[in-house]
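Next come two complexes built around subunit A: one with subunit B, the other with subunit C.
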Partner chain A sequence: MALDITSSPAGDGGTLATGGVPAARRTRNDWLRPNVLWGLVGAVIGYAIGHWAGNAIAHNWQQVQGSDQNNVSLVLGYLVGSVGFLAGLGIVNYPLAKLVGRQPPAPEEAQPGLGKFFRYTLDHKVVGAQYLVAMILYFMVGGLFALLFRTELLSPTSHVITPDAYIELVGMHGTMMMMMMTSAIIGPFGNYLVPLMIGSKRVAFPRLEALSLWLTPAAFVVLLSGLLIGGFPTGWTGYAPLAVQATQGMDSYLVSFGLMALSLLFGAVNMAATIISHRAPGMTFGRLPIFVWAMLSTASIMVLAVPVLFAGLYLMLMDRTWQTAFFTWQHGGSPYLWENLFWFFGHPEVYLLALPSFGILAELLPVFARKPAFGYRTVVAGLIGVGVLSFFVWQHHLFMSGMNPDMRPVVMLTTELISVPTGIVYLGAIGTLWRAKIRITVPMLFCLGLLFNFLLGGITGVFISDVPADTTLHGSFFVLAHFHYTIMGGYMFGFFAGVYYWFPRFTGLQLSEKIGTWHFWTMIVFFNSTFLPLFAVGLLGQPRRVFEYQHRLQGLNDWATISAYLLGVSLLIFLWNIVWTTAIKNRPSSMNPWHSLGLEWTIPYPTPLENFDRVPVVLSSPYDYGVPDRPPVAVVPEPVGVGCGPALSDPVREEDQHG
Partner chain B sequence: MSGSTPPSPTHATAAQPRHALRIFLVWLVLSAIATPLVYLVLGPHLPPGGMSDSAASQQFDMKVLTAIATPVVLFIWTYFGYALIFFRSQRGVIEDGPPIRGNRVFQAGWLGITTALVLFLFGFGTYELIHPAGAGAGEGPNPIWSPVSSSSTKPLEVQVIAQQWQFTYRYLNAGGFETTQLYLPVDRPVVFHVTSLDVIHGFWAYQLGVKADANPGVDNVAFTTPTQLGRFEVRCSELCGIWHGAMYNNGYVVSAGAFSQWLTKEQQRHAPDLPLLPPAAPYYNPGAGGGFYGSGQEPNATATPSPFPSSVTSPAGS
Partner chain C sequence: MAEHSVSDGRSGAAAATPTSVQDVPVHAVVDEQAFYARAQANASWAASRMFVAIGATVYGALVFSYFYLRSLDSNGLWHQPSQHPPILLSVVMLGLGVTSSLLFVWATRRLRAGRRGVLDWGVASAITTGVLALTVGLSIWQLSRLPFAPGDSGYASVFVGTEVVTIGMLLIELYQIETVLARSIRLRGVLSPGGDAADSSEVMAFRLAVDAASLFAGFMAIVLVGVFVLFYWVS
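On to the complex of A and B.
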């Protein structure tokens, strides 16, 4: 591949952000060092050990009669296999050595070429790039599942696939998109860009960050393996008596969601700590880029919401293996318990998907409007307000459940109130574009697409929050269309805006604007063409997750299915753009192709190993477009005598910080 | 929306057209045309129609919400359409716009308007939820918003028993027989007691505007009064396993006379089944105790009195 993605100039055998490495270690054979292949070997060995242990301790109470497997052995296989995967990648070497009081192994140094992308590495830029590739992979696989079950919906009553295959695919699609894609923006862009945007040489907890990345392929494989053992019938929500009743595929859902919960938690802790404690001098909270604020708000929600999910998954796993009865009403449990635990996480989760895309929107609009971000403080307050309110609305998923009916007006109020901070995002966009000098580029197109789609997603959300209207809409395709407008239409459009905007920062190459324009227009046309009819389908009475529907709804369903295929073609155009730009054209872009004032664009490409030679001193907001005689965004202080804050990346302190 | 006039004293020039006024006028014209059209032309076609009082109330709700949403959407579309036409940079030129960082009046006005809208929607939604009687939604075992009881028509009590993957109905005022057909008389209040024998299902009578989750071990009550004759669709609205998509049947709203004929016929047809059924109860525990599908559970002694008619606690007493 002609693409040079080295993050340090070749021959610079110096220091990685994680400490000095003797150059002699390079002589070891590349294949023998921990890498993803050894991870797979570890996974297989771990799975075998766990599976054997599970059978040994639990063969007398197999839940599935006549099967040589049981839930205990499967769960232990998954868990030990995941540990084996991480061990094969070399992730446990450092903590183990610390634990037994030995000299920890020296971290691997940065390697030129692509090898480092298949390894556990502590460079946040490599982790960000790994995240980007992983997220695109998960997104494409999840989308493929959607195309398969949309095919089944071409006909109201005759079947292309069996009902159980249909429900498995629906569950796989939902889980893949809602769970694996939670990190689609905070993973690639948060990890890669936040240190660059706040003027830091490194992140706070690089080992946690790398662990958060490497848990995602483990979760991905565990989830997909569920297809081999019958899948799970519950969709991504995993409602309780059904999930307790379900066969072994349910365990893959529980374990993979649990691994992903850990990944979110570790990633969020690192993100919040980095933003709070690793800002360059002068990078006050009042000058923090809005994208970084969005990352901070997102990470804070994650840290508070994900543990509740993890607890719920753990209880469910106990119900299925140790035969506890947290969710079985005959033995004193309650199905409501799962609904509440799940949605206490699940509703903040949808804002985990909304906030990062708002951050990208608010970050990019000033660049392409050539104006300061309008109402900076108000927008930031909106991002925080969405985060706070998101913890008080989850019961709107239970409007029809019969639980606590007299509390419904309160939840209706909190749910509708969240449209005020969300509306602030539009306030900011309107103000920023006012009398602006708008440049239409592909990232800007995706921002405008986000504004268009999210408007419809948000307005339809008000219908669902209204209990009388929700009595018809709850559990129907209307809800499905609503959240696809916010997530696919909002979140993923924000994601693609970020990909096009920061691709030069990641790779030194600018994605083709021409192919990108094709990608955008096909995507927005076929996205709307797919999901707009689904509002009508829901209004006309089709429940979600059904493989048979009323004959009168066939026309609309077929239209949506065919549009979904074309939406898939649009995503192929995106992949083609990446191939064309990197492998075929491969022409370096300029250092700051968008003429942005952002700190991340002041760094030359390839990005130096420690981002900044010396920690910069930030002098002004990154949005001061049009300000007469604006000072530079940041200056690099003289090496001597100028206070430049704590030595943020002193290798000597490294070990103390990660002990 | 006239507050959207961010003045910028340093950059305002006489040559600038009055953007805010233009946007406001375009929006005003579009809204004045579209909002009545949406309410009067689209509105009557909005679901779930007018087959019951709860359906009519939900349709009214959707009409009002759509009418409110129309000018909001039009404002955003008008603004961004205008901005993309008039606020463009020259091709290939990097030039900065005026450095407007904010506008107190616009920001406060925006927050004020959105908050006022939200508070109105909350009040409106709450009123619509209480009138009529919980708007057809499941209200749990102890409903607080019940239909205004009139002595002339005693409500018809129907227990909806969901299981993988079908609905059955017990007519509690008619001896508690069980059938897979759902017939309702017109103009008589109906009380649905929705419960499940296994996993969570959802009882969704689409044209009646009734939806209530069927939870195992829970009696979820929903009210409606059918006002038009005809057929309605019943579907399961909570994912309940592989055949969730096949869990539907049709119900019928018929005249009072036809209903009593049907009732008599069904009672006779199902008389032999009655001894096999457990006593009618708010919910059942399959596999525990005798009976066709397990033992009936006594309502919690501490709860408010059961809405169940005392005449049906024993199926033999019909």
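On to the complex of A and C.
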């Protein structure tokens, strides 16, 4: 795959030529232009070609004839199918044209209508919106798997599904949520908002950004296809040697995770490069919105952690196809090698989820507290500290296996140490709320919910980082409840806070506060009602990933399952809110509905193709709420003869200055 | 642009960070073309290093696998004495790969320093492209004729796994160099002496691409030496 990192300053890397009116590309019939349907056609053709090639290569290999399973053909089918999908979307056109030195295509014009959302486009705002829809879809599908296996847990011994189907659903749910949802915040909000927040007209590498998006549906379909060929029995962690021995569904896990790893890497490189290089004049690192700091920290972790995952997945694929023996001890390998490689990514992965939600939290609280962000620099240091320390804790996942026992106290200490920067971020949030005139809106409610949930998730995390506690609770529902409190209780509450807060920026419409309030209260009540009992279930000895349990635990399990259904209902309320707002009520939002000082709110809706008429000059922090005589956040210098232009729209200034 | 350029707040004494409207000079306007040219150059610089970091981390995982399996020596099957890939072929591939990569790096440095024109650089790039293609071909040929099976031992597994990654990386290097070479042919008019290259954004993009390709070529030269040392010397 071409790594296009060389888009030209004049806009050949994107739709956004600097100055002047971009030359329009030749118009063609919409159906003939590359779009998602052509992508599907390409995927089918590619899969057929890859499958055929795999059969041609490996049909007479010993393990293929012995097992009647040709993993080579399946893997090649997936890979060539994915390339076919990208080709159908038109993503490989320019990388191929570069081989013969062709000029980059002329920039596109802004496309009206919904058609642009089904195409490969280089407009970061469209990519952000595409990401948002995709992430909601993946989240809902992953949640549906959870409801299915929770149904099985209604009874300890009467069964709705088979043990194999149960573990497949658990694995699908875990992989969908941990793998696909890694981009849930950096994908939609990062891609859409970061250029606006830093005062840029564009992202650094729009092709990489778009590629990172379009790899996710390929990964999604490949992962789901695993259900048709037996699923995978390993859960989301893919442990060897089970993964080496598993049937072909395991290949879908490996290929889809690999595609997502590429997606994360491309997205991270674009994000980091954009933040480093495309900040408007005056947007110093000391004025950078905390959300953007969180994106930078997340992207940095991705660049260093995800390649190790990618390497691990590749080695596992080599074991399953080319019959290497990385994870087979009988032939000189070791299953513990996988555990090390996987968790070197897997634990920073937790912070890939946590940091963006911290960023949203720290970004939104000053807006609704009407106070400057408390301890801005300390909170930023906390975000960076979490990112750095996240690379020194992965071995706590190996406390019970594959680790020299003498090393455990060291890792226990590093794990406990990471609670310090995390706590700093948390305290920064509390400090911002302290003695504030808090506006209770739906995004604020989700922020407060995040604080509550993450407190429980964080404290139980410190508890089980202790070796004795982990020895007792390892592999139990207690651990499951802990990480759901951090990930769903933290990450997804942050996600929803972001959706409610920035929905007017994305769509020009304001989500219903009333329905949103219902969504919040049902979600926080039933989230806690689902997962709080699971701490008890775990302490009482119920192991994860086992579809039968002791009869005495049925009451708690039934409570959790029914609560999970109701949690599902709360998510339907969210979907209803979107339908109500966009299709029925259609209530337009004001330009800056939250009276925020953020640069992203200074632009009218619909957001112009190039975001800003001219590059703005940033003058002050976006968190100076209530600061007397503060300058405007930014101004747009006018052309010669007009003088320095007015401040960008700043409707909150007078309000803040007069209390 | 004749107007003042407003500070970008990032560098230099003239770049004092504006803190009020008065700090923004009257008639000031950001020279957007220059601003985004510099931004894209910085972005390209940063991204090319990130991709090298990504590549280094992938190799880091492979090196970790090498030493981890070697230290465990599971079932006494880390490395059997008879398992050696053909040394002569490997030395030839090492020589070809390293020499061609360094040739490209060297030619790029000369181009950047203005010692030679683009023709000189183009010839070096064409040679690099051909030699790299030959190296990739030989690597694939070697893999198909190894005197051991991939699953015979830990060493055999890591060797095969690393070779396949290296072939992939060499193909990326090949793609990068071939595409900048093709671009240089298209731009030969403006790149040639006397061509109006100074203000061309195309030329700027070309230079960024050449720098990125040169960085990656240098990285690959180091990787090839490292891989050779690991599998033929340390083992």
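We take it that the second predicted complex is superposed on the first by the 597 of 659 C-alpha atoms of A that agree within 3 Å, B and C clash if a C-alpha of one lies under 4 Å from a C-alpha of the other, contacts with A are read in each partner's own complex, and residues count from 1 in each chain.
What we mean here is this: contacts are C-beta pairs under 8 Å (C-beta built on N, C-alpha and C of every residue); 3 or more make two chains touch, one makes a residue touch a chain.
Everything numeric here is computed off the predicted structure, so don't read it as measured data.
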Which partner does A:L315 contact after superposing on A: first (subunit B), second (subunit C), both, neither? second
Partner chain(s) touched by A:Q330 [first = subunit B, second = subunit C, both, neither]: both
What is the contact status of A:L540 with respect to subunit B (first) and subunit C (second): first, second, both, or neither? first
Give one of first, second, both or neither to describe whether A:P233 is in contact with subunit B, with subunit C, with both, or with none. first
Looking at the overlay, does A:Y426 come into contact with subunit B only (first), subunit C only (second), both, or neither? first
Let me test your reading of the model: by the given contact rule, A:M412 touches which partner, first (subunit B), second (subunit C), both or neither? first
Looking at A:G402, would you say it contacts subunit B, subunit C, both, or neither? Reply first, second, both or neither. first
Overlap the subunit B and subunit C contact sets on subunit A and report the shared residues. 329-330, 336
Which residues of subunit A touch subunit B once you look at their complex with the stated criterion? 163-164, 166-167, 233-235, 237, 239-242, 245, 329-330, 335-336, 369-378, 399-406, 408-409, 412-413, 416-417, 419-420, 423-424, 426-427, 430-431, 433-440, 448, 451-452, 455-456, 459, 462-463, 465-472, 474-476, 539-541, 543-550, 595, 624-628
Can you list the residues on subunit A that touch subunit C in the complex? 2-3, 5-10, 12-13, 18-19, 98-103, 200-202, 204-205, 265, 268-270, 272-274, 276-284, 303-304, 306-308, 310-312, 314-315, 318-319, 322-326, 328-334, 336-337, 340-341, 344, 614-615, 617-620, 631-632, 635, 637-641, 643-644, 647
Note: in the complex, subunit B contacts subunit A through residues 4, 6, 8, 11, 16, 19, 46-48, 54, 57-58, 61-62, 65, 69, 72-73, 76, 79-80, 83-84, 87-89, 94-103, 106-107, 110-111, 114-115, 118, 121-122, 125-126, 128-129, 134-141, 143-145, 194, 198-200, 202, 204, 206, 209-213, 215-218, 220-221, 233, 235-246, 248, 285, 288
Subunit A partner, complex, touching residues on subunit C are 2-3, 6-10, 17-21, 23-30, 32-33, 35-37, 39-44, 46-48, 50-51, 53-55, 57-58, 60-62, 64-65, 68-69, 72-75, 77-79, 149-158, 160-161, 164-165, 172, 175-176, 178-179, 181-186, 201-202, 204-205, 208-209, 212
